[in-house]
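Labels for the chains are A, B and C, by order of writing; each one numbers its residues from 1.
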Amino acid sequence: MSSAWRVTTAVGLFAVAVVGIIFAVLGLLSQPPTVDFTAGHSAGQPVDVTLQTVGSYGSGDHPTWVSYLTESPQGQWVHTTLWQLPAHTRVNMTIYNYDSGSPLRNQQIGQVTGTIGHVALLNGKPVRVINSNAGNGVGHTFSIPTLGINVPLYGNNGNANLCAAAPCTVSSPHQIFKFSFTTPGPGQYPWQCFVPCGLGFLFGNGGPMQTIGYMDGFMKVSA
Amino acid sequence: MSETDAGSTASVSDPPATSQSQAETHHWWRLIAIWVVLSAILDPLFYFLAGPHIPPGKMTTTAGGAQFDFNVLLVIALPVLLAIWIFMIYAIVMWRASRGGPEPEGGETARGNTSVQLGWILTTTVIVLFLAGFGTYALVQPNGAGGGQGSSPIWTPTSKTVLPVQVIGQQWKFTYRYPTFGGFETTELVIPDNTTIAFHVTSLDVIHSFWAYQLGVKADANPAYDNVAFTTTSQMGTFIVRCSELCGIWHGAMYNSGVVVTPTQFESWATATEKRLATNTKLLPPFAYTYVPDANGADGGYYPDNIDPYSPVETYGAPQPGQGKGSGSGK
Amino acid sequence: MAIETTQPGGIEYPGEEAPTPLQPVSRRSEWLRPHAGWAIVGGVVGYLIGHWLGNVIASGYINVQGSGQNDVATVLGLSLGVAGFLTGIGALNYPLAKMIGREPPPAVPEHNWVRYFRMTEDHKVVGLQYTVGVLLFLFTGGLLAMAIRTELLSPSSHVFGPGIYIALVGEHGTIMMMMASSAVVGPLGNWLVPLMIGTRRMAYPRVEAFSFWIFLAGYGVILTALFFGGFPTGWTGYAPLQTQASGGMDSYLVGFAVIGIGMICAGFNLAATIINYRAPGMTWSRVPIFVWAVLATTALLTLATPTLVVAGLFGVLDRTAETAFFVNEHGGSNFLWENLFWFFGHPEVYIMALPGFGIVMEIMPVFTRKPLFAYKVAAAGMLGVALLSFFVWQHHIFQSGINPDMRPLFMLTTELISIPTGFLFLVALGTLWKAKIRFDTPMLFCLGMLFNFLIGGVTGVFLSDVPVNVTVHGSFFVMAHFHYTIMGGLIFALFAGLYFWIPKMTGKTMNKRLSKWHFWTFFTFFNLTFFPLFLVGILGQPRRVFEYAANLQTLNDISTISAYCLGASFFFFIINFIWSIYLIPHDAPDNPWDSRGLEWQTPTPVPWFNFEHIPVVLSDPYHYGEPDAPPVADLGRVLVSAGGAPAEAVGHGDVSPPGDGGDLDPRPPIL
């Protein structure tokens, strides 16, 4: 083999390796989009965040997975759990739960904690504890463990004609939760659902429960 | 064990004297001198300057025990490290080829030396047996040294007033139950000073590990298994609790802090919390050392006892709405 | 009485004349014969068939419908993919031919580059294949390590996020463990052992080649984990998180089991070769110390690894057939996985460490120009380590809630194992005593290995002490400890071995300056990367976390930046390797280090048949410092083949003591 041929093959293999690595890194870095609530926000004003939960996303890579969705300030439902929020600001949260519920593995998460007034409004009525063994049970929770925030989301009747493809509209059975909290200083705060709702996974905690964009996300607080 | 003792036990591990020639005795004494001086300086320096600050501190008896144990190990380890490093550096400096010097001698003397080999084996054996003995003492004496002893601990505290605290690991947080206060369950970990605590660590799903760093306590949380760890608090303050067994996506975020307060403060906190959480405590399963919730979880559907259409009663053994009783069926 | 002179495939070279290898029998076209390309085709086809089969079987399962994740299809796809890969490389041709009563064609030497992409019966080709394979694993794992350290640059902002991060951690750990279990035994063990013991062939050359190709298949399988969403358990794969995990876990279980099968094969072949194929005169007291290390390792490979394969099978069954080996709530036990895994996992640690010891002890006499000190203690020590390593596994699960009364026992056995491990230092220090040390790159790596491994060993004693273990278990302290033993020990030894033997293996000389640059950057940044992590560990940072305490950022950042430099230091090796071996090669002399090892007495490049005549070994290879020492072996001796005629010495009279032939071991002919 001539040395030109050697150099060519060496450089060629090197290029292939570099392209492969870049491709892999880009694949690993891909994340759901971040919904920005800071744009156009004036200091001191509360931020309104609206979420919905759906029992099965209905399309995409994982159509059977349960998921959260976020409504962007422009009113679009975005399949993401990443938000950008201003620091030290009151967040008025509204969550539409379109999923059914069940008894909790640990009723400890049936309590409302960490919100302003330690209370959440379920369809307009204040609740502090939801008995997951009664009624429709709890479908999901909205929890930011580092801030001590936990809001159990009362479920819909599992026998009703539930929404099975996101984004759901209020024509489907739903429960509306409203509560408020204040964002802390800058940083990234994980939030998640604590109800083991990953259908088909042992203990219900696999799949969507361990994937950013479904039942896990980050609240990115900027100064 | 004092530093000089540690020093003398390790000294035999020093360079082999292969013959009685003048030059060899020369190398031998020089090495020992360097080693003794450095060990005698560094050991006390470490023990008295760094030793008291070695984690996990002195917040509990087990933490203090672990700190002392760590210091003892380091005081023994330092001379061993020094002996070998000094020898290597000495060899590199003195016997490098570029320095000239005589050709090395081969033959039987260079291939082994019974007394050096025996000395090495004996020394390492003595150190190792001492460490194993000392480690066993340091393990047994403070009731298992804060490690999880499983469901039937054998090194139990003699104190009559042991406060049981149940630690429940779940994906992905710890909650704590206080059986002596009506079994309320909370995310706050508050314990009294000067009290022996029995942590009953269990899990509702995968393996977690309860690591109360400053308390010197670590016990894995296994599903449906009670893992007991003892410690006795001796200082007040806050401490960090982290999960130290990989448990899924939020393993790194599975932490919170606890606090050691005076017994009176603890008493008032506990009674107040018991009252505050009474509504929810009634909904919890009765206190038990292990809980065996259905492995399917809510909507889990992994094992085939799931039926279609989904029913919480069938999959979960949960009582019908209105019948009371909790979700996790206490054993 | 017959002396083994057979070639791979049963070809014999009797008499005085030099063996002339057979020319390839003209058969099918080169491209139609099995090679790596067909293996890849076979792998893909196998995967597709398995995936389809899995969908037929399991797509109606309730859990598959609920999760949208069909583990049966993934497992069958990967298993049949491996089977297809092995079929494509031709691993089944020989057994199938035998099965249908045909005599397979004899192995013929190939001299073109295609042989490196084939299943071959030449242990030297397999050794080089393993070298490239192991380096591929190492660099893949190293890139993942860079990603891990990148995520840990900041305590709270995230580059990859927690899900990808633990997938990277698991992938890095598993790839590195797979690599390390073959890192030395694969490349150097396979390449060197026959030359060191004076044989022309391995005992089971097809099993040996199979072990390499299944090792490579394991690489493909474990890489697929990233496409199936990674696995969240780290390399330890603790159940029941394992049972819960997404599809990447199947790649882990199948991949580890596949690698395990390769390790068992490699172990059996090397053990049989070392025990049965030693040259005349190669008595147990003359066997090079590296061969002792490999022999001790093969005991672990063959006895410990089956546990891993079985544990992997249990895990696969839990995930596909919904058995419950590891799920407490359904009658299994999560301790079962921990015990099975570590019953393999701790011997695995010595599978990685022992060959490294062997290399260091083998190389040091060459550069100190002195005999190996305390040879018998060293050999006995390694066998002792191998034996004791089966009795220490529970020290990995001290805090798990196992019976507490076992704790003092496992603390004792763990600390006892440091006695035979310490013999490495007895031997090394004794060999350095009054030596004349040449600091060539292999020697530098040996000294670096001794420095690192000492830190790794001493911190291991801290970990074995249960009260200290309460604090350091599961923290970065453990992580730093085993990186000091595996990377600081084994990988340093691997590079010592590569720099030492590459002139013989490839016939080319590595660039000295680049080699030394590699050592110094590698050594410096290795220590700068991992030493801070001991502190990070005792300051309370658990392993495998993506968030950590803000006050630990400085130490973590020192480690990360050093890790980047550490990664960059490998470029010195890669550039040197490609440059010196491939682009601008310089032929190496037969014995550049002036070693007495039998492998260095062969011409470079080493002929296909290794030795023109089976050597008669006259002494062990450590007679340095003796001006009138006899040569290590009589290479000119001509022996009659296995036909039955007695061995006849016509050697170079001055080196072959008369009557030596009578001392030879009688050996049965190898069929």
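The definition used in the following text is that a contact is a pair of C-beta atoms (placed from the backbone, for glycine too) under 8 Å apart; a residue touches a chain by one contact, two chains touch by 3 or more.
As the structure is a prediction and not an experimental result, all values here were calculated from the model.
Distances from each chain's CA mean to the overall CA mean are smallest for chain C. By C-beta contact pairs, the most connected chain pair is B-C. Between chain A and chain C the centroid-to-centroid distance comes to 44 Å (mean Cα coordinates, whole Å).
Between the CA-based centres of chain A and chain B the separation comes to 36 Å, rounded to the whole angstrom.
Between the CA-based centres of chain B and chain C the separation comes to 32 Å, rounded to the whole angstrom. Each of the following residues of chain C touches two or more other chains: 62-63, 66, 162-163, 232, 240, 243-244, 327. Multi-chain contact residues of chain A, defined as those touching 2 or more other chains: 190, 198-203, 205, 210-212, 216.
The set of chain B residues that touch two or more partner chains comprises 205-206, 248-250, 253, 293, 295, 299, 301-303.
In the complex of the two chains, the chain B residues touching chain C come out as 15-16, 18, 24, 27, 54-56, 62, 65-66, 69-70, 73-74, 77, 80-81, 84-85, 87-88, 91-92, 95-97, 101-107, 110-113, 116-117, 120-121, 124-125, 128-129, 131-132, 135-136, 138-140, 142, 144-151, 153-155, 201, 205-207, 209, 211, 213, 216-220, 222-225, 227, 240, 242-253, 292-295, 299, 301-304, 306, 308. Those residues of chain C that touch chain A in the complex are listed here as 62-69, 143, 147, 156-164, 168, 226, 229, 232, 240, 243-246, 327, 578, 582-584. The residues of chain C lying in touch with chain B in their complex are 62-63, 66, 162-163, 165-166, 169, 232-234, 236, 238, 240-241, 243-244, 322, 324, 327-330, 334-335, 368-377, 397-405, 407-408, 411-412, 415-416, 418-419, 422-423, 425-426, 429-430, 432-439, 447, 450-451, 454-455, 458, 461-462, 464-471, 473-475, 538-540, 542-549, 622-626, 629. Across the complex, chain A is touched by residues 168, 170-173, 175, 185-187, 204-206, 248-250, 253, 256, 277, 279-280, 283-285, 293, 295-303, 309-310, 312, 316, 318-319, 321-328 of chain B.
Chain A contributes residues 66, 100, 102-108, 110-111, 113, 128-129, 131-135, 137, 145-146, 148, 158-159, 190, 192, 194-205, 209-212, 216 to its touches with chain B in the complex.
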